[in-house]
């Protein structure tokens, strides 16, 4: 047998392993939360985009959700406004909200769309106000968390009350990849700033998605086992909920896990927290038996 | 007969006049250019939006195109940048382009979408980069027009090379009203700033629209007849082209008329320049025999 | 602003008022009872026909029902037969029935069809025997109402036992306007003469019509209020039923109101008694908030 | 083998002979001209109707055309009017036309519809004015044919200028059997009296019918062969045209043959003149190799 | 009237009798068990095939089931193997099964397909292993029935556990006539030999067939009535079940009647045992009121 | 990053390489010639079947073609007949043809179908006589090739004159995998033995297949380059045709290459000769850039 053929043989096993997944996922929605650190390197962004375009090729219907906190603060500073947070939530006055909208819809969203275009995918940007995809209401006040004991009005920060997925479905069925910013429409039609992890979790439920995938800048969830940090490949939702309660999970991982729990509680079968810094991590998680990140399941 | 009935009789004639137009326009695209002065008053904006929602009700497929020069300048000044123009075209460096995108897509576009939502229409905002609706190329340099005799690179200013209307059609067929900003996708995927009147004219051709309607802040086109200004209700395209050549039309009316000529040359049958300041001017122009603005036809 | 434009402005309000009705009524059946005095003037007949053609244009599905008592008597006399009535019901022997059929199907029905053709509508005449649209049974005998105390066999007078609307629906869906005479098919296949107001009321139920409209030669229903006759624009069905009971409504208005009550009891939401002598009364009643006749509703 | 089985064997051959015809004719239009003497006996009328209902069962689409000269004269006499003919064409003044319409549409047409209903078929009566199925123009004057040398205006006698078969097709496709009277719509919308044989021939062309069948009260066409009358089972159109020219065919058979020639010249493949007095003559002609009447073919 | 016409008249009655059956059976499945003696004469085979092709013409969906015991024994002997039976069931070792498959699928099935092709039908042969149409399990051992009192393993003899009719339906809907051999797929994918009468009965249930028709080489079922053999034209299922119990039916007729009972118990309305030796016996049984064989009904 | 993730990274590249092929091939026909040595090992047969089932999963439409010379000879010998060949073509008398049909359709075809069933694919066996898929004519006589100079009648050996692919398409579209034996239907309906490589080549043309894949028991085509045998990964059709002419290709490879040339000349874009002995060779050839066998292209 010719040598090249011999070298190729191991490839066959990868494909034979992957093909049944491809069949199972054709025609299904995958909601992908993308943002923060996962967006730093241009090269890694392109790798994520390529993966999503390939998924679209074989019939998966990916829908991207993004926020964009860092860029908002940068533009605010340029415009001479100081960002202000209470309990990790941005205090969002009207002027700040205007900047949030301009940055998320006019800058980040369009940058992602443009990357898709360059990789041969046809992406379409949406804000959650388009066709009232994201209907929200104001969160209200939060305890300031300082000695004062006072509470602070968060302003234009919202939480989801209803999702209308029809537009995303129509556009997805027409062959496009929707890219949704985490801005919602309030009860009076005003724009509201919503946590993007929450949007992703709820949207996965509304679309009856096959999977929610949270792209992160860490490699997944660890647990302490006999003094050693053990990587968790797969975990049941109640187990990971207990880990949050017990404080075993903390920091930036909490909203990611909560996003998964929102989706799982709403009926999504499998959710994944994966490392956007690994090239093609999406493909690996989806099409290999062992995966690459942490899968949280029912 | 009861008095109320008697009072109502003249209404019947209006309706009998309008109904044949309704039949003729069902299922047809109307491209509406909306912007500038026509957007000043909140009340007039709502009147325009109401008209478009009503058109959608009876089966017309309106598509809105907007620019947004004034707002861009306002935000630039807030960020400490001075707007600069050559021959009426904005000199658009990369930083300016970023502001243009943020303002058009993140602010104006979303404001219009929100007005539709409040009037019971379901609007969806698009930039011309979404699904590469507007493919463009850089205009290049322009003579500075001053004593220097030098030319100025306009930077990120583009002109249309191709329109891909499929996405707008799919979304329109699904019952939504598309709202498109005049930002295009350059040859390297970069964003380019395009004249919104030109976008509207070309889009009407690409959609094989029944009508192009340019909403303005004047009541239409006048001509001098024996020393008096005569309002023009209806005029053939070659006649108005001659008026531009002869200087009989000038100033801000020129790009509006050019937009109409682009559409007419591409096969659109009728184009209208109407006064956005008249309440329900759209409805009047479309559904009455005499109309309210200037109709430019083949 | 040009003067013509200014004159046109009030028209806009009529249209803005009418458009939501147009949307609401598209694809819905309207059963229109047409006959008697409403058919006297050629000009008014044309005005009614024009209105129905316009309704068809914008997607409403009108179905016309007619009787034709006066013309029957005229032909009978020509043929040397004397019309005879008991309690307002025509005593219909076999020879009379033959004349009724010839006049209703061969003359009146075809005259209405022809008027539609001339106005650009495509109408199709039906008798209730076609495809057994109207299945009926004989009414039987009626007290003669004279001193004799005897009862009189009404002969070929029928009442509806079942309506088969499929043919009317198929023809209506194919773009035609059905015109139905009030002749039914008896249990042995014989033709029976049915009250046209009743046919209209029952047909509105069978077609799940949006509206029943009874065209009359009076302007609607009045009530006495402090010694004055007050026109009734809108009234609930139980209220008008009480008016019949109390004798506040009498004469030729009774079968019209009964027709409305039949429809309302069968689930039709709104019924209208309007004055066929007012030009375009149909359009006014349907597309203006105040209407022109008397609306009887649930 | 049991005796009953043995008796049944010859039936098999009839069916085996018929089945290929059934396959060939499914979904095809058959235009059947029915009238005159063929309508005399109630029993024979029922036999014809039964045959048509059976044809409909197996997917053939029969369309019936009828005139009704005899009945018109009878009603005219009842109304004290004397029928008048020039060259076999009825002189039709306006009053006569009114009677023609009443008799054809209101009496004969409905009688046929009723017979279908009783045999389990669902028939629908039409006049040629419905949806302008038959567009016609006045024939004009005819030489009186007497010594005077004058010409007589035939009045409301028409000839076909166009047939619009859409309505008949829509109704036929919905499972009904259309029954069409030979009354057309003139240029001013007025009713015109048309020869029913001509209507049948032209309608077969307009419907691209598989067959035209003329039901008559004779058993078909004969020719003289060596002094003996020989029955013609099958003949080519040019041969029978020659027979008309030479006078070998005369009298009432002429319009029947002309009807066939109209159809054949318009592309209909086969036409049949058959004897309505033979029970189930339609079935025999259509489903047996030898047939029962005279077939005129291309 | 011409003589030929007169001779044809009796044919009409056959057709008038048959047409309502044609209507009733269009689009329905008929399962036909064909085999054994019914296949001896080439001429009779062609007559059966012609009947099935004619049925297909008029919209019936015939599905043929065949076994082929005699031919298997013949080939076995050619290959030097002696056929062996226990209680009428073939003892089927692996080598025998290979021959059974080759003969049924490779010879008999293809012979039937070829006959259809020659008669203008488009037939497609299937084994019950194709797409696992017939899922079966081994019958196991049977008492040897001799003095030894031992039991004999029947080897590759199966009984049906499930039928998957989708493939037969898809092929039938595409215009082909399926021809199925009675070989099934065992639990380990191995081929099993199944009684063809049972296959036919169960398949009629799985296809919700209108009829099961068992073609035999006798003329149907007889009963003794006052010492005489009376042919049974029609009998209820419980009555014939009682006849089996009482021994009134015996021998080769038992599996045929059992096939009918299987179908009837599963909801098939009518089953027929008919004599394949009578030309066109299928057509006669189906399209005449009296039929030719024995109908067993609910 | 966790170790497992690191190990998985190379898999991603295989998938990223394969995904564009998957997109390109969805909905396309692949004709696979399978037979001879490639069928020897049970394990390798299963590997081929698994590959085809996976292809079906992702939307490819595989159609398998097989012959079966070796098995035919084995059965012939069992039945005491001696196989006889002229120029590599089997002399096929009627008795031999009967054995060919039994072995190909009743044994090999069903064995392949059964393997598919066990791997979760739903396969359906066909002979080329089913629905006359393969219409053929007799090849006639061949020179005996010995000293006698006489010619030998090959008997029931055929060559294709027409392929009717409709049945294979209908079955394929319904989700099944067709498996076709190389037996055709002669002009008189008799079965004919056709070369399976030719059938595969012609069928690829008739199905407008994306690819023809010839599974073989060698690793592809070699050429001599400076005294060394060089494996050919990809070659143009004219080049390989020249190699046949020059004798550079010989023996069993000739019919395989001819099969490819038949397909390429008929418009198939790419054909592949691959080694069925390499596990998953089909997957490797199709989804990797370098492939494993010899691709012959336009």
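Here the chain labels run A, B, C, D, E and F in written order, and each chain numbers its own residues starting at 1.
By definition in this document, a contact is a pair of C-beta atoms (placed from the backbone, for glycine too) under 8 Å apart; a residue touches a chain by one contact, two chains touch by 3 or more.
What you see is a predicted model, and the numbers here were worked out from it, not measured in a lab.
S.K.: On the document's contact criterion, could you list the chains that touch chain A and likewise touch chain C?
M.R.: Intersection of chain A and chain C contact lists gives B.
S.K.: Comparing each of A-F, A-B or D-E with C-D, which pair has over half of its contact pairs in common by residue number?
M.R.: The chain pair with the recurring interface is A-B.
S.K.: Return the distance between the CA-based centres of chain B and chain F, expressed in whole Å.
M.R.: Each chain reduced to its C-alpha mean, chain B and chain F end up 61 Å apart.
S.K.: Taking each chain's centre as the mean position of its Cα atoms, how many Å separate chain B from chain E?
M.R.: Roughly 74 Å separates the two chain centres.
S.K.: Which integer distance in Å separates the CA centroid of chain E from that of chain F?
M.R.: Chain E and chain F have C-alpha centres separated by 36 Å.
S.K.: Note the residues in chain E that touch 2 or more other chains, in rising order.
M.R.: Correct list: empty.
S.K.: How are the chains arranged in terms of who touches whom: line, ring, star, complete or other?
M.R.: Here the contact pattern is a ring, one closed loop where every chain has two partners.
S.K.: Which chains make up the ring, listed in order from chain C with chain D immediately after it?
M.R.: Starting from chain C with chain D next, the chains run C, D, E, F, A, B.
S.K.: Quick check: in the complex, which residue numbers of chain A touch chain B?
M.R.: Chain A residues touching chain B: 75, 78-79, 98, 101-107, 109-110, 113-115, 117-118, 122-127, 129-132, 166-167, 170-171, 174, 176, 185, 189-191.
S.K.: Using the touch rule from the top, collect the residues of chain E that touch chain D in their complex.
M.R.: 1-2, 4-5, 8-9, 11-16, 18-20, 22-23, 26, 50-51, 54, 57-59, 219-220, 231, 233, 275, 278-281, 283-284, 287-288, 290-293
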